[in-house]
Amino acid sequence: MENKHSLYKDTLMKHYRQPHNKCEGEIEGADIVQRGANPRCGDDIEIGLYLDQKHVQVDQVKFRGRGCSVCIAATSMMTQAVSGRSIEDVRKLSAEMREWFHNSDGHDIADPPDDLQALDAVREYPARRRCVLLSWEALTDALDRI
Amino acid sequence: MPATLHDMNLATQWHSAVSKHDFPLLHSSALGRNLHYLDNAATSHKPKAVIDTINTAYSELYSPIHRGLYPLAEAATEAYEQARLSLQAFIGASAADELIFTRSATESINLVAQGWARDRLQAGDQVWVSRMEHHANYLPWQRICQEKGAELKIIELTADGQLDLARAEDLYGPRSRLIALCQISNVLGNENPIQQVCANAQAQGIPVLVDAAQSVSHLPLNVVELGCDFLAFSAHKMYGPNGIGLLYARAERLQEMQPLLVGGGMVDEVGEGIAASSWIDGPGRFEAGSQNMPGALGFAAAADFIESLGRERIHQHLQQLTRHARTLLGQIPGIRLLTYDSVPLSSIVSFTLDGVHPHDLAQVAGERQVAIRAGHHCAQPLLRSLDLDATARASFAVYNDRSDVEALAEAIDYARRLFG
Amino acid sequence: MPATLHDMNLATQWHSAVSKHDFPLLHSSALGRNLHYLDNAATSHKPKAVIDTINTAYSELYSPIHRGLYPLAEAATEAYEQARLSLQAFIGASAADELIFTRSATESINLVAQGWARDRLQAGDQVWVSRMEHHANYLPWQRICQEKGAELKIIELTADGQLDLARAEDLYGPRSRLIALCQISNVLGNENPIQQVCANAQAQGIPVLVDAAQSVSHLPLNVVELGCDFLAFSAHKMYGPNGIGLLYARAERLQEMQPLLVGGGMVDEVGEGIAASSWIDGPGRFEAGSQNMPGALGFAAAADFIESLGRERIHQHLQQLTRHARTLLGQIPGIRLLTYDSVPLSSIVSFTLDGVHPHDLAQVAGERQVAIRAGHHCAQPLLRSLDLDATARASFAVYNDRSDVEALAEAIDYARRLFG
Amino acid sequence: MENKHSLYKDTLMKHYRQPHNKCEGEIEGADIVQRGANPRCGDDIEIGLYLDQKHVQVDQVKFRGRGCSVCIAATSMMTQAVSGRSIEDVRKLSAEMREWFHNSDGHDIADPPDDLQALDAVREYPARRRCVLLSWEALTDALDRI
């Protein structure tokens, strides 16, 4: 069903159908839990950060919540992309993602890790940017609380 | 889904009266030519007659209004006031002086909230709205009630989505100062019993404001018969231009109003320092600044366009499309329609599909050339009460036909399979 | 009155860049073809490029803004925000988020009065305006000062009609909360020393609002260099469409403002009952209701049109016409010009003629195909201080040429003889 | 200088140049003095009514003030048209004049007395209607005070 002009690339659909790091109940044992909500769309998620002991690395990110396929898939990709990275790296990546989506004509991320490149198609739909960025914004808010 | 013979005859007659050919965007633009545009509750496309009128206003008649002493200015002023007269006839007002040109339905309602209600509301007073109001007919009341310590009271809905007037106990009570209601909901598509509410309210001396944004393009409408005190709508949802709308205010109410904007053209004598200034008589008092003459002419041309088809007939056409949409969508597994069979049809169908977010529905539909809306439709109080974050919505206009409805149903079914 | 060779060369160059041919009303309409239109301070005619842009917006790109998930809606939203970017460049703002689309300069100023000043003014505070303000930049301040018990302070004029800043003793004093000034007076044509006022005000932390309605079409303008906090203007006086205007608000000030209108599109989360609702970030918070996309595109097209000629050059052209008008009118017995030679020229000449009422002047001129304005020009405080009831006014635009000025002088002289 | 398409017909100019019943100083000895002002134009006049003893007839109307030619001429014509008429007649004429100017496409006054017909040309200029009607409105206000 892959369609060149569609938002719904296989990678996105894969993440939507089988999201990584998604909890069903509460997020338990996380160092920081942060909500991200967009009442205009009804997207409403919560992410949990698990840090290393020295608080220099993000060991894992989990999430729960509801939203459209773009929101869920992008959140899944985010958790996958940042787990195991240094906090500094995560901040950088987060800034790059926002940059990437705010200047849709601008430069690409040099080497987008993991599946993030699959979000490229969403950049053509400004109305859906918020769905992609919601989890990244929650992530930044969470990092600011360390 | 074969149409009945009767429906088909009506449809044939209809399409000889109006079709996508009359609408340049739908007929010949790259982005619109093949589009099944079903987002008409948000805004409608413009017939060539309206676009040409705006064009002519700028190219042949453009001039300042109410200010010039040369023939062009006289002609432009005449045309501007003629537009007001056309719209007076369109809504059946007793006098053209009861019509105020605003920028939109939103401004019209805010004008009543700030220009009329502000001076009248006291702590403990009540303003009544319904659960199904658009934010434009909700937030202005919420804000003024906050400011004045008044109560914002909600007419809740029955299980089938109609105004539950029986439960709205103090609606006509002694503290009720204003009732502000939409004639047709932009989510449910319900038509509300405005005339009945107005009659009851009038008996108690309570003014009623009607938000006619969703109704004025296809419901026969006469403000005197309706019995309302205020009525608000925008041109752009009735095939007219953007940036212009109307507030009807019954003469008695208009006398009681203060302007929302002050500036040129609306003042009689400017006081020195903070000594009071005096405003001119009539609707011009509420039209501070340079008038939007091309907007007014386009607005009147849109009313003429509607009148040429007849609101009765338009309404019938839209009801047929709505019925067809309900039938076709209703056959898709997992669909939930937001309106009930017990409620008369108008021009709007809202729905959800189990397991697919409305944004995804709209996106998939968009990729298949079907333009529908997803979201809260600026009706958060309603959606919250239905425990929904968002719905998908299809809404119809004169240029739509059965093929648009069929494309809609196919797109939704495709989305179901894609996400299934 | 032969022009100098230098002037004639400039004029030739100018008319190959722009002429009445580019303006359908002046070129080919029945009422405009032979008209010497000199009422440009009221509103200007539209070049074909602007009319075509509006037309295209309706015919090829029309759709709801910020709401749809189909390609047409994305394209329309993109175009709307692109228009904001063009206008950002046009006024030199640091960010597009500092630009709010309003219906007009009048709404822009009222928005600042009600959305910013209302929450800040206290009894005894001062708002400063000048004696030469248009009612649009006078009445909103008068009203809010009345409401808040604040003082409306006036910068009076020197004998030659300039701001008498020396006499405005507390202008930068501790109770001064806002200074609201026009950049060019719509009666006197004076250009005010805004940059200097802004610098002094900024040093004391006093915000300045600039009414740029009469200047934005021909004065090179950069809000950052100017140093103002707010700047307001309308599209229709700068060759753009009616029904749309702009408020620039420096980011810091924009953060402090409350919306004038509440409704769809500007709310984040609607509170239950009268619980507070939250507004979205950015300029959209002040743009309640459906956006006027064709208006915004026409507005940006007007800015492009001006930029294509260059404001420096336009200003020069208008100054030449103004100088010529002063010379020719000055030779008519009994004429009194309202501006002084000591004041730099811009694009406006106001005058009276002994023994002939300005309305008669304008009417006689109108009968002779010369469109000028007569009246108080929405500047009653100024006219009262000059002990005048009305003046006649001629004002120039890019499409005017020396023949328009000559027709003006002839018409005024004819009126003198008619009434002599 | 008569011009078919001009507002400035000879009759109007005659009344403007030599207005009837115009005082230079105060209006003295009138039964009722009434101001009529239009701050938007700067027209500002005062009319004085001299009634008969029984207060059933308007013996004379005088005026003073300033305004454009249309205002002055129309006021002059008004004073001429109503002097010597019964109050009832004056009320009727006043209503007819307003009617005449508000429905410029409507019917004409059957037999407009004196020079009033010369104002016909002004009906084509809605912006000047107010200049004609100012004195008639002042007159009505004055009659309401009897």
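Here the chain labels run A, B, C and D in written order, and each chain numbers its own residues starting at 1.
To be clear about the criterion, a residue touches a chain if its C-beta (ideal position, glycine included) is under 8 Å from a C-beta of that chain, and two chains touch if they have at least 3 such contacts.
On a predicted model such as this, the values are computed, not experimentally measured, just so you know.
The most distant chain from subunit B is D, comparing centres defined as mean Cα coordinates. Mean C-alpha position of subunit C lies 38 Å from that of subunit D.
Distance between chain centres (mean CA atoms), subunit A to subunit C: 46 Å.
With each centre defined as the average position of its C-alpha atoms, the distance from subunit B to subunit C rounds to 32 Å. Counting partner chains per residue, subunit B shows two or more touched chains at residues 67-69, 73, 269, 359, 363, 375, 380. Among the residues of subunit D, those in touch with two or more other chains are 39-40, 125, 128. Listed by label, the pairs of touching chains are A-B, A-C, B-C, B-D, C-D. Those residues of subunit A whose C-beta lies close enough to touch subunit B in the complex are 1, 3, 5-8, 13, 39-44, 66-70, 125, 128, 131.
Of all the residues in subunit B, the ones that touch subunit C in their complex are 24-25, 28-32, 35, 37, 39, 42-43, 45-46, 50-51, 54-55, 58-64, 67-73, 75, 103-107, 109-110, 134-136, 138-140, 142-143, 145-146, 151-152, 154, 234, 236-237, 241-244, 260-265, 267, 269-274, 276-277, 288-295, 359, 362-363, 365-366, 369-375, 378, 380-381, 384. Residues 66-69, 73-74, 77-78, 268-269, 280 of subunit C are the ones that touch subunit A when the two sit in their complex.
Interface residues of subunit C, counted against subunit D in their complex, comprise 357-360, 363-364, 367, 375-376, 380, 388-390, 418-419.
Subunit D meets subunit B in the complex at residues 39-40, 124-128.
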